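Structure below; questions to follow.
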Amino acid sequence: MIVIETVHIDQMWLVFLIPMLPLLAFLVAVFLKNKDFAALFSTVVSAAVFFVAVEVIISHYGSALYYSMPWFTVGKFTYNVGILLDKLSLVMIGVVSLIALLVNVFSLEYMKHDEAKGRYFSFLGLFAFSMYGIVLSSNLFLTFVFWELVGFSSYLLIGFWFQNEEPPKASFKAFIVNRVGDAGFLIGLFVVFVFFHSFELPYLWNEFSEFGKPDASIGISKGWLMVMGLGLFLGAMGKSAQFPLQTWLPDAMAGPTPVSALIHAATMVAAGVFMLVRVFPLLSIPVLDVIAIIGALTAFMGAFAAFSQNDIKKVLAFSTVSQLGYMVMSIGVGSPDAAFFHLVTHAFFKASLFLCAGSVIHYLHHENDPQNMYKMGGLRKYIPFTFIAYTISMLALCGLPFFSGYFSKEAILSGVLEWITYSSMGGIGWKVLVPLFAFISVFMTAAYMGRQYFLVFFGKPKWTARKQKESWYVAIPILLLASLSFWFVYSLSPFHADTFLLEILRYKGSVGSEHLINPVILGMVSSSLAILGLFVSYLLFYKKKAQHFLNKIHELLGGLSASNWYLDGVHSILIVQPVMKLRMYVSHFDRKYVDGLVNGIGVLNVVVSQILGWFDKYMVDGVIKLITVISGNLGNVARSFQNGRIQMYFVWAVLGIVLVLIVLF
Amino acid sequence: MIENHLLSLLIFIPLIAGVVLLFIPETSSGLYKWITLGTLVVELILTLILLSGFDASQAGIGNESLQFVEKMDWINLSIGSTSAISIQYYLGVDGLSISMVLLSAIVLLIGVISSWNIKENLKGYFSLYLILTASVFGCFLALDFFLFFLFFEFMLLPMYFLIGLWGGVRREYASIKFYLYTLVGSIFILIVMIALSISVITPDPEIDIHSFDLMLMMDNANFIPDSVLSISSSDTLLGLSYRLWAFLFVLIGFAIKLPAVPIHTWLPDAHVEAPTPISVVLAGILLKIGGYGFYRIAYSIFPEGAYYFGWWIGLFGIIAIIYGALVAMAQSDLKRLIAYSSVSHMGFVMLGLAAITTQSISGSIFQMFSHGLISVALFLITGVIYDRTKDREISNYSGLAAAMPYFTVIVLITFFASLGLPGFSGFIAEFLVLAGAFDGAMSSEVIAIFMPIVGVLGLVLGAAYFLWTLQRMFFGKYWIKNEEWTLPDLTTREYIMFVPLVVMIFAFGIFPGLILDLSNETIMSFVEFVQEQGKQNMTLILENTK
Amino acid sequence: MIPIEHYLLFSAALFILGLLIAIVKQNAMMVLVGIELILNAANINFVAFSQNDPNLSGQMFSLFVIVVAVAESAVALAIIYKVYQHYSTSDLDEVNQLNG
Amino acid sequence: MGVTNQVLTEKLNEVFGGVAHLLPELCLVSGALVILILELVLKKDTWKLKTGLSVVFIALAFGSLFIVESSGLLFGSVLIADELSFTFQVIFLFTFLISMIFPSQKWELRKMGEYHFLIFCLVLGAFLMVKSKNLLIFYLALELISISSYILTSIGFNKKGFEAGIKYLLFGALASGVMLYGMSLLYGLSGSLDLLVILSGQMDGQLHLIAVFLLVVGVLFKLSLVPMHIWTPDVYEAAPVSVVAVFSVIPKLAALVFLFRTVSFISDDSVQIMVVQIISWLAVISMFIGNLGAIWQNNAKRMMAYSSIAHAGFLVIGVIVQSEFGLQSVIFYSVVYSLMNLGVFYLIACMEKNDLYQITDYRGVGKIIPVVGISMVVFMISLTGLPPTGGFSAKFLLFSALWSTYETSQLSFLLWLFIFGLINTVIALFYYLKIPYMSIFKTQIKQSVPNITLKNKIVLALISFLILVLFFKADLLFDLTNKYSFVFSILP
Amino acid sequence: MDSITEISLNAIAFYFLAGMSISSGLMILFSKNIVRSIFLLVVVFLGVAGIYMISNAEFVAVTQVLVYVGGILILLMFGIMLTNRIEGQALSVNHKRFLPAVLVGGLLFYILVTSITGDANFHQFNPKTEIPGDITSGFSNTQVIGINLMTNQILALEVTAVLLLVALVGAAFIVGNKLKPEE
């Protein structure tokens, strides 16, 4: 257990620079109209942030520092702004700042000719600011603030090419789906607020001396604890694209590719996982079970959907969904450390893969359909650096030995197996699905990645060749990122992860810590699954074997896969359409009934239009109408005594008198 | 010297300026707007002086919390030799009203700037505007019920004419509708005012001096012991004690102004037909008077009503949030959409109020302030488009971002501020309301737990209609229905309106303490008062009317 | 002596007769006739009651009523005459330009 | 016989001792006669002279009001002179005065001596009515007002005027016949013509209540309260505008005072409550009929007729309340009501001068002539009863009085009256706002600018100003009435 | 008044006159002939005058005959002459609204009759003296009226004078005015 040390601002000022510098870059880019300068400045800032981050990591690694100051006070409750600098956030900062820097460099080339380059780099700055905010924030409220801001900057970046049809829709969808998640996050926060009266993470951890079980003095019931956990998880589901909220992520590929690399592969989507790791002690067992099954399901669904995508980026997007599912599942099974480890390794190789895809697209951007894999082929000769980086990253993703993915996947799988062993003592139930999905996904990951690999880089070019070399701005970032997927970065032994990354958490997994399964055997099993996957794809897509079989499968499941399990349709039927209908009903109701309370009376009344003519003949309206109709009619009644015949007046008057006399008795 | 009469100055400067305008000949009509602008600038400066002199740490509710008090006898009606009615000129600010005063000064100033391109009958327009200004300030500053009612009612007339004379196609209909609805509301309030003034007497042994002093009305001891509104009364009407009826009446009266859902239909019409600056004032301030009335009158005088009707208030708040959002989503007219978004946002005010916790009530007041600023920006946005094309159909535009990039930036920021993005004031407000409501639902059970949860859903819906509009109107390929429309980007004048607004929305989102601290102490006392007094009164009433 | 109730019943009958005549007859003069009957009914009451009143206030009152009735009839006649000049009828139902 | 003679002499002295107290009435009579004689002597069109003379006699009457000792019972207790009657006499004279300075019309009434004569007699009748304590005097006062009114209605000498005149006359005759019948029964039941004696005695039996109500019917006729309101629109529409202005104020308020006395004299509480209850329901119905009937009117005067029916409903609240507060309030209301009505009719007169008769004719007038527009708004807002006008203060005070009586008595019909009364304010807004709506929002059809003289503008502005003052310093007037603790002390 | 059975001359006269008056009234109501109605009205007035006579109200009775029969009736006849074109046929009047008239009239009559015959308390009719009894004692009814007119009711008398003047001037003014305003 590492003691959290409350420190003074003087010790932390450097840390403040990390979010503030990108914000500065954002402001500079907004207010200076020189877009080239903005791009340059942004890159310089990214570099500076990276170096600051390195400096911070070096100077603070190993300790846990906490700084907090009041933001605003309502009643007696103070909302704080604070920084929590422990190993987790330090590593995360390192990862984010590095990838951000590399993506920035990559973007210099990628976005070179874009008119709105300044805007692009300013958004990147905004995003970085928000992301660092999430990472560094010491309390859940502040986390939520940046959480939403990340969503916002993601909205901006996805919709960057707003003149086109797709990006605005995709960004709209991304934000709304994220909002649904955020709604859950908010509810979780409310429960935290009501029962713990604090959002501070160190405080909250203290209240949970045992994982998932708060101290009795809190007085929170199991039900509310679960609501809290599920709420927070719903937030993570939105950001980390977990079932059933994963639909936005593939669409988000409408944004510029470097953005996909940074945001939709490495950082933002990982924020959900990061947050779950942060609040892991607060999650009770039922919540974790839900998390595990959702994660496993997502991992499987994503992998399945990745199969029949033709768009190079969509494959990677679904792959991301799948891998995020992995991480979430890992948290659910009680191995947050493994999840975080996978987050880091995945961040590097997936960013690299996206940048490779970006490089491919950039290379082919004069083509008609530059993202369609079936129109590529043979690219290995034309963009060799990309090919190399892609190969490395892909192998890492597949989880083959000598690459980082092997470690992290192995850690997760072992966690899953431990969990299933531990929790299936009372008989095996649905929980068995979790390891099942986990292992199938290993195979599938390798298979769809192989498909992409062979379709893109092998075979005959289906595009018109041109002389164009990879720019160093492209090559260096992808190679650097790819190189971070080698085993030696993490561990000396290529087969056994003995890395500090698995030690960074203050807490270990909640489930037993001894290895029930020999890591070597597990590694062999998973590697063979991956190799099998690669082999199958080699046969199918390189050797073009068993095409008949492939077509059959495609016929059978292609639709399901290509449409991501028809999730969009399901959402549309279950949510979008009802809401759209509801709004029409309610609006109709508003117009007709609330506003036109009296329409019914009005229709019955032949003289309605004549009566209403006084103000406006054609008003279709409301309570006013009620009053006008009623009072108008009554008015006519009142006037009808006045028919101008004096003797009728007598009758009315006497009648009035008689009535009063009758009342008198 | 100036400190002693600061509040009076706030009211009378615009009033005098409005009258002075009437005597300036039409030949120098260019002067009108400058005089109005000058007056509003002075108002803002005075408000800032007021803020600088305001001691936010002064705790308490009722008399002890008041500052800058001005109190003198105004109308003294002696009835026979045994009693009298005393109407006072009684002004003061406390934490409940100070932020509203600031909001008024800001919004009204921006309103003037957006009135710059009013073309016809300038004299009438600007003098009515100044009179409206005076009554708005009066409404927030008055502490005598009669005085408050005077300003409350008096606001209607200028508004009626401003909508009816300078409005859109169906302006006459909209203006009369606005007038009638609000009048119905004020009749409800008037009924209670009369009943209260008869029941409440100044603690003076000599003769019964019936008073309209809102502060006196907060103390049960000042009620004539057996009057029907006193806490000891055992009289009921249809099984409900008179105090609860009175609470309900005041509530309905102000709910019309707010507006709450079944009685909101004046709002879209009034907004759609009103000229932009008037929509701005209407949404920015006038709706807030409804909310302010809840605090100042309904909750302060009849705290037990907060308990008795709290559940229903919360429910109607929730209905407003969801209903407003759904209806907004179905609108094809941008201004109507925004008008309904106001309905939705004001639902938060009701929800926050119903929960009676410090968080929720602070949030609700902050929501009024923040919505004041945001809705102003929203209506100015519709004004920008309407000024250029005289058309507000959402479907007639697409891809405006290409033609008006800077405008789009403003729209983007405003929309996101409105849907509650952190960093903008709306988020803090809505978070506080919902968190407080959650707390309230858990601890005091005045409102049900589903309410804040449904309220959170409202946030999603809010995001949906704003972003959908953004997507439809501003993104995509540039296309407008009528080729002849020209859509130049923002003018300098428009920048002058938008930039400070956006800066403020942003600043109050980053530093909510600027506003929250002003009212924090008062609200703590207020909540304590409502909770304690409310429960106490409730039990007394239930006992007495058994 | 005749019981006072009989006076009252008589006057009530006359009162109602007058009322009916005033309502039913179309001619303006006949309406006046009806009204005179009503006044007579009141007078009968006055006279009947003043039998027991040494001051004879009732009788006094009935005298004034008779005088006022004359004055009223005179004015009525004048106006009816003018109405007739303008409308060429004394049928009251046809004199109804003013209504609503 | 000697003894008898002596007693008679004493009696005569006592009776004639009261003559001095009738100085204001004498001024009115002499004014009437002087102008009548002048009319016979002078044949020329001397309307300014006649008007001047009228004003002089009004001034004399006004002065003498202050000279004579105004308290006590006069003429063998057939009259009560007190502050109440004094106040209303002042209001009547003021109204009379304003009606004399109405803008001159094409058909100028003031050139006819008979017009002055009749109004003098009408005011005389009203003077007597507010003082009367005796049924006979009340009857004669009522008839004096009525007969003058019948002729005044027809004084326009047009078709509609005569039609309205005959309708008014026949209806009035019927009403006074019914009232007389009630009076005769009352006389029989109590043996006296003195109102106080009649009403302070024991009341039992249906017939007694019927008789009281039939008496009230005659009052309601003058007050134009339901069910005796039907004549009002026709008469208001047809009569010349200055005459209507007088009609809408003087007879109505005179009847109100008499009704107030009647109700306050009733000593039997249960009977009083019963009568008050009947009146309050009638008041509610009047408000509704008046306000609803007014909605679709296009003729300004006809609309004001309905408005006056509704206002009658409000005025009788003062009678219903039966408290000091209520009395003070109803006096306040009466003053404000007279001002508002005079203002509105003055405005209508200005419009009629320019051949604008219908409300739709007023289009754009307020826009062109701001004084007209503003005063229209002030009058209409005041009639509706909204701040910041005297109309609001008046309604507010009246309803406060009503509420305070309700609080002490807990009679439920008072609460309904309270609520319905306030609801009616909203309905009233519909049509009152129509006038400023037309004149300010709509654009003019005729191109010519209506001719409104400076004098007209000044009068309009002055009345508007007074109405506003009655809001901002309501105590100026209200406190004047504070010393009137008389009415209840006169009761035995 | 317990002597209903005591049939005196007065009583016979009363019931005869009352019956005559009411039946004439009914005939007026149902007759469409105006002239006949007017003459029947004379009968009613005379009948009422007769009742005054037997009720110790000689002065009123005489006034009734003089003013009504002599004055009002003539006025009415004049009115009818002036306002009806006489072209040979009998002057007739239409009847309308019979049903509503009978309805409200009947109701009112019912109410009046039930209350008169009900609990009305006339037997304790005990007039409060307004002049000391010794003044009127020993005078005839007509004399009492005279004294009253000059003392108690002097004001009423004066007001009536004004009222008659108003009616006179007014009637003459209305009929005799030569001014012709435009319609």
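Labels for the chains are A, B, C, D and E, by order of writing; each one numbers its residues from 1.
What we mean here is this: a residue touches a chain if its C-beta (ideal position, glycine included) is under 8 Å from a C-beta of that chain, and two chains touch if they have at least 3 such contacts.
The model shown is predicted, which means the values in this text are computed figures rather than measured ones.
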Chains in simultaneous contact with chain C and chain E: A, D
Touching both chain B and chain D (chains): A
Closest chain to the centre of mass proxy, which here is the mean CA position: B
Selected interface, A-C versus C-D, where C-beta contact pairs are more numerous: C-D
Identity of the chain that, by mean CA position, is farthest from chain B: E
Most remote chain, CA-based centroid, reference being chain A: E
Separation of mean Cα positions, chain B and chain A [Å, integer]: 37
Distance from the mean Cα position of chain D to that of chain A, given in whole angstrom: 78
Chain B-chain E separation of Cα centroids, rounded to whole Å: 70
Centroid distance [mean C-alpha coordinates] between chain C and chain B, Å: 64
Residues within chain E bordering two or more other chains: 96-97, 100-101, 104-105, 108, 111-112, 116, 120, 122, 125, 127, 130-131, 152-153, 156, 160, 163, 166-167, 170-171, 174
Multi-chain contact residues (two or more partners), chain B: 172, 176, 180
Sequence positions of chain D contacting 2 or more other chains: 136, 140, 143, 147, 150-151, 154, 159, 165-167, 170, 174, 178, 188, 191-192, 206, 210, 233-234, 296, 426, 430
Chain pairs in mutual contact under the definition given at the outset: A-B, A-C, A-D, A-E, B-D, C-D, C-E, D-E
Complex contacts: residues of chain E adjacent to chain A: 96-97, 100-101, 104-105, 107-108, 111
Chain D partner contacts - residues on chain B that touch it in the complex: 75-81, 83, 85, 149-150, 153-154, 156-157, 161, 164-165, 172, 176, 179-180, 183-184, 187, 190-191, 194-195, 197-199, 227-228, 235, 237
Chain D residues touching chain A - in the complex, by the definition given at the top: 166-167, 170-171, 174-175, 178, 206, 209-210, 213-214, 217, 226-228, 230-231, 233-234, 274, 278, 281-282, 288-296, 306, 426-427, 430
Chain C residues within the chain D interface of the complex: 4, 8, 11, 15, 18-19, 22, 28, 31-32, 35, 38-39, 41-43, 45-46, 48-50, 52-53, 57-58, 60-61, 64-65, 68, 71-72, 75-76, 79-80, 82-83, 86-87, 92, 95-100
Touching residues on chain A, where the partner in the complex is chain E: 647-648, 651, 654-655, 657-658, 661-662
